[in-house]
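Should a chain be cited, it is by its letter among A, B, C and D, assigned in written order, with residues numbered from 1 in that chain.
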Amino acid sequence: MSGNTFGKIFTLTSFGESHGEAIGGIIDGCPAGLKIDLDFIQSELDHRKPGQSHIVTQRKEADKVEFLSGIFNDTTMGTPIGFMIRNTNQRSKDYDHNVEAYRPSHADYTYDAKYGMRDHRGGGRSSARETAARVVAGAIAKLILKEKGITIHAYTSQVGDIKLLKNYKDLDLTKIESNIVRCPDELIAETMIQKIEQVRKAGDTIGGVIACVIRGVPAGIGEPVFDKLHADLGKAMLSINAVKGFEYGSGFEGTKMLGSQHNDAFYFDEQVKTSSNRSGGIQGGISNGEDIYLNVAFKPVATIMQEQSTVDASGKEGTIHGKGRHDPCVLPRAVPIVEAMAAMVIVDHMFRSKNNKM
Amino acid sequence: MSGNTFGKIFTLTSFGESHGEAIGGIIDGCPAGLKIDLDFIQSELDHRKPGQSHIVTQRKEADKVEFLSGIFNDTTMGTPIGFMIRNTNQRSKDYDHNVEAYRPSHADYTYDAKYGMRDHRGGGRSSARETAARVVAGAIAKLILKEKGITIHAYTSQVGDIKLLKNYKDLDLTKIESNIVRCPDELIAETMIQKIEQVRKAGDTIGGVIACVIRGVPAGIGEPVFDKLHADLGKAMLSINAVKGFEYGSGFEGTKMLGSQHNDAFYFDEQVKTSSNRSGGIQGGISNGEDIYLNVAFKPVATIMQEQSTVDASGKEGTIHGKGRHDPCVLPRAVPIVEAMAAMVIVDHMFRSKNNKM
Amino acid sequence: MSGNTFGKIFTLTSFGESHGEAIGGIIDGCPAGLKIDLDFIQSELDHRKPGQSHIVTQRKEADKVEFLSGIFNDTTMGTPIGFMIRNTNQRSKDYDHNVEAYRPSHADYTYDAKYGMRDHRGGGRSSARETAARVVAGAIAKLILKEKGITIHAYTSQVGDIKLLKNYKDLDLTKIESNIVRCPDELIAETMIQKIEQVRKAGDTIGGVIACVIRGVPAGIGEPVFDKLHADLGKAMLSINAVKGFEYGSGFEGTKMLGSQHNDAFYFDEQVKTSSNRSGGIQGGISNGEDIYLNVAFKPVATIMQEQSTVDASGKEGTIHGKGRHDPCVLPRAVPIVEAMAAMVIVDHMFRSKNNKM
Amino acid sequence: MSGNTFGKIFTLTSFGESHGEAIGGIIDGCPAGLKIDLDFIQSELDHRKPGQSHIVTQRKEADKVEFLSGIFNDTTMGTPIGFMIRNTNQRSKDYDHNVEAYRPSHADYTYDAKYGMRDHRGGGRSSARETAARVVAGAIAKLILKEKGITIHAYTSQVGDIKLLKNYKDLDLTKIESNIVRCPDELIAETMIQKIEQVRKAGDTIGGVIACVIRGVPAGIGEPVFDKLHADLGKAMLSINAVKGFEYGSGFEGTKMLGSQHNDAFYFDEQVKTSSNRSGGIQGGISNGEDIYLNVAFKPVATIMQEQSTVDASGKEGTIHGKGRHDPCVLPRAVPIVEAMAAMVIVDHMFRSKNNKM
């Protein structure tokens, strides 16, 4: 009920505050016999970790994952996979000024309203540090998907008003990791990076959009009513910190179209295919074998190095000024998180689909 | 696992194909002692039902709900509320041409891929007729919310490229039901209606956007990690037929902003408030007491009265031409569905929040 | 949360009060392509229904099940199976004396304590009439198990102090339906029937034990920790009205044994087998391929045709005297319910086991 | 689905193999503001830990729990409570002889059948070491119950054929911890201890029964159909290693009674009460305010220091002889586990009952 578990068959239950002992989780429902590539898992975490480039927060955290159970001789046993990441770089003093004042557009006030208290050290459970557990579970999901020939690529497609207009089909997705903003178009990437640097120098932050493409999902995955495949992908993405919107296939643009423009005609070429893909690979909540693609909207990070009006828990009005080491733009580090959530949803639904037919 | 249950404490489990005996559901988790206003529930259904105006499908369905349990002397007993709506207007012959050909951008092919079969009579379970069960459960949720002083208003804010640019705060939401397209601005409504008529005459269909405003939710509702309040609202909306996108608060527009422009400053006036509301009433997944508002993107209806290329189950290519009585635009009838889903999410999360504190 | 859903993949959500419009349910998670034998389902219901012999309640209820969805051309479609049984014989007046007085060892007082109200017409939701929905879902589960070669046989093994001492292996389980008490030993059956008649004439009731044998479950079904196969079987049985205890394999008798007496030695004969079966076919919560067998303890029916002390909702003390038509012994009609619950648990766990290995 | 989560609102998800890095879990759904008494939690663990007396296994394990999240300044924050216990005494070599041979009445064969592999080091996940996580979660549940005035006492009531015949009401439950077998009757306790010593010397093991009494649960807790309070208690107990049976109230003995003997008459003394309590404090699945009491049957431990026939994974027959340090009788160390499971069930159902009424 408290919502710290994600998924139905392949599940992640996560724990941890940003400045407590550790964060971590339990992955349940991973089949026995999966080979675990620990280097791959760590590399996924490294894509998310702070301090990886000059356009993200300069906090230094090792983010070394320690597996506690479920894996024996580098192979899963079918039992729950417990893991944790120790919190090592906890400059809690940076947050002393937060003890009373509510940081605007953060979760300080709502945690107090809900729980009657909060961990004021760096956001506690509301910190995006929690997403490291998602990346670990997502990495294991990716290992499963790899065996099925399914790939997931997310990339930064917009920073502020700098937008990559090319369709994902016209991009070289192997180039995503070739730059620090994780945009596969080199020129746009450079402009985005400059924009983020400029914003950072001004003590400000900026939002953007991450696109994600999932290839190789066979037709027939997803449930037809409440748990439509895109509904679960949407929930997965909207559960990531700072996300304000989700669309798949034609998305919000598709609302302006006529049915005769929007429909995807079927044809046959070894299997049933569609000549266009405004459906985004999902029809009636179930995959149709085409590419699944989606967009995730991120607001600008709430912590800015500027003076802002606020109140404290007693209702006293005052001002607050950001301290500590924060991201001017969350997008580069959110790319692996989007991929992780997508991977978990696809694996979960593939497992759920095992009992479709007698 | 098959995903025909929505919610965790206040739940709807639904059943029914469009051309079977009946559709219906079971509402579980409704507290004892709620007065049931049967006329209100029926009026909510009437907002969704076919044939209510000339811009929606001309099928005539009574959509009379019959309650089978859980209510005694017009009061809930705390036991599950079973209900059904008989299917009375089943012109299955209209669908004979669908037995083999897959209708483009429908769920015919994906159902076949998933189940190895499908009910070809009018969409079966993939028909939007399924949403009538949601409206019944949503109406009961609204009765609960009414006792808490919480209101929900959804309205058509865009049809094709005709867009209502006014903020919801500048609209008179009591006017939503004053026209058949359910847009509170009379002038825009008239333009939308003309657009839909024009599209219908061309045998075509058109998409659009529904906005929804939820007022009166106290601060502290929602779970902080995977089950963020807006993530569950997003999933709820994305599970409605034809929905392609969801955003709340600043949404996709917010991605273009700087943190200094986007943050909502706190002030105090009897309670903690924000001077702007780009957060959309939710911070860190938990309500902050401000209005919750969101947008839902609908694609154009897939059934068009035009010739389209397709294939059949054997892979043979051919053409298909829409028959039967279909909606040229799903928006007017989707307004009560959006409200129903929102109501269920809010009630469920209010009930989940009962154990926040000792 | 309200607990009207049973199972995780193959699920039954049930509704209905004994004297409301109808009882029924929704079966979700039944795969597509299962042939439905309606006569078989009705015959299962007939084994549970009142009035079937002179040793059970003489109420006459048709208990005709009506399927509302999920089945097309006598085949499941993978969509939820909605069904209902109209309540036709509702002599509510028999229960007028219950409006205020709490019937001893019934759920009248606890419902009032929980919900602040209750449906006093014949027990409402606490009536064993609710179990008819379980029999319908169990019958469909049995059709699935039949295709896997799995059989379930329950029988009355004890009535009061009349106990069938033979092991199930020494009984002819095809004889269960050959007498009205459903005990496969003709002589013991006759004694049991005489005992029940004698008790009924005295206006009293009597308890007993039902044994259940499940054959053909392959090794490897069940989850190893909280959802052990026998734990879910236990919960299933304990959820049946009037059940006070559950044991499997060596059960309570096994507590008196030494390990050297109790252990089941392994041997090999085409597959791994055990030379004894005190484990009851389950080791570590997982089936080992041997017969699963269990016992379910039923208390005597609470409604007796005798004067009893009680209080009413206001706390006023008084007496109550049973009226209406009630079972002197619940065992004969509970046999199909025990089988139904066992069938649902086995199917659910078989479906859950699909993702054990890569 | 893999069943490593227990509970619905107050939940424990556990992980860990007996000879892996650590065991532990995540407690979700604990309200904010609960004072955590770490000494109490550790003392509960000490009641379960090996080596505490000469009648239990002589393995030495520190079983020191480390909390990783969810607690700040000795107070819960409403966020998930992650914890772990390092495995420190892993004499894996004791288990080398198990690599191939299946230990009789253990879960070796069924794990292989289910997962295609197993962790042969001391039982892995099937080891009772897993129950330490339950004791931690149970201790936190007890802290919640303490604030509500609810107490739970479990004790050894039978070892082999040595049975404590006194009713719990005639026992001094404060004496449970006064002896190493945890039986509140000193004389019977001494006989039980001698019996266990005798069995241990013979290289054998012995079963028994644990009784449990729960006092102070208010009327109205529990769900009326599938999730009856006693059904969830039963499942909880049956999920403990080596448990073969469960009964509550009159249990299996009640099956021999007449309704006129069994029914509990109501009377009024400040509140509704019953003059006898064969219902065991639960009627229709819902607590009635009387004491809840139950019995749990444990088989003899499977590991014996004697030669037994078995087969290995290839089907080759042979013999096996127990090694390592094992319990001759599981009862003394299982007492805190029974209490822990009972505590979790009661807390979970109290939380579930918050939405019974409007």
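What we mean here is this: contacts are C-beta pairs under 8 Å (C-beta built on N, C-alpha and C of every residue); 3 or more make two chains touch, one makes a residue touch a chain.
None of these values were measured; they are calculated from a predicted model.
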Distance-maximising chain from chain C - centres being C-alpha averages: A
Chain pair with the higher count of C-beta pairs in contact (A-B, B-D): A-B
Chain-centre distance (mean CA atoms) for chain B and chain C, in whole Å, is 39
Whole-Å separation of chain centres (CA-atom averages), chain B against chain D: 46
Which integer distance in Å separates the CA centroid of chain A from that of chain B? 26
Where chain D touches two or more other chains at once, by residue number: 1-2, 4-5, 8-9, 14, 29, 32-33, 78-79, 114-116, 125, 224, 355-357
Would you identify the shape of the chain contact graph, picking one of line, ring, star, complete or other? complete
Going by the contact rule at the top, pick out the chain A residues touching chain D in the complex. 1-2, 4-5, 8-9, 11, 13-17, 20-26, 28-29, 32-33, 66-70, 72, 75, 77-82, 84, 114-119, 124-125
So, in the complex, the side of chain D touching chain B is made of residues 1, 9-10, 29, 31-34, 76, 78-79, 144, 147, 224, 351, 354-358
Using the touch definition from the top, list the residues of chain D that touch chain C in their complex. 1-6, 8-9, 14, 102, 104-107, 109-111, 113-116, 125-126, 130, 158, 160-161, 199, 204-209, 218-228, 230-232, 234-236, 238-239, 241, 244-252, 254-268, 271-272, 274-275, 278-280, 282-289, 297-304, 306, 308-311, 315-317, 352-353, 355-357
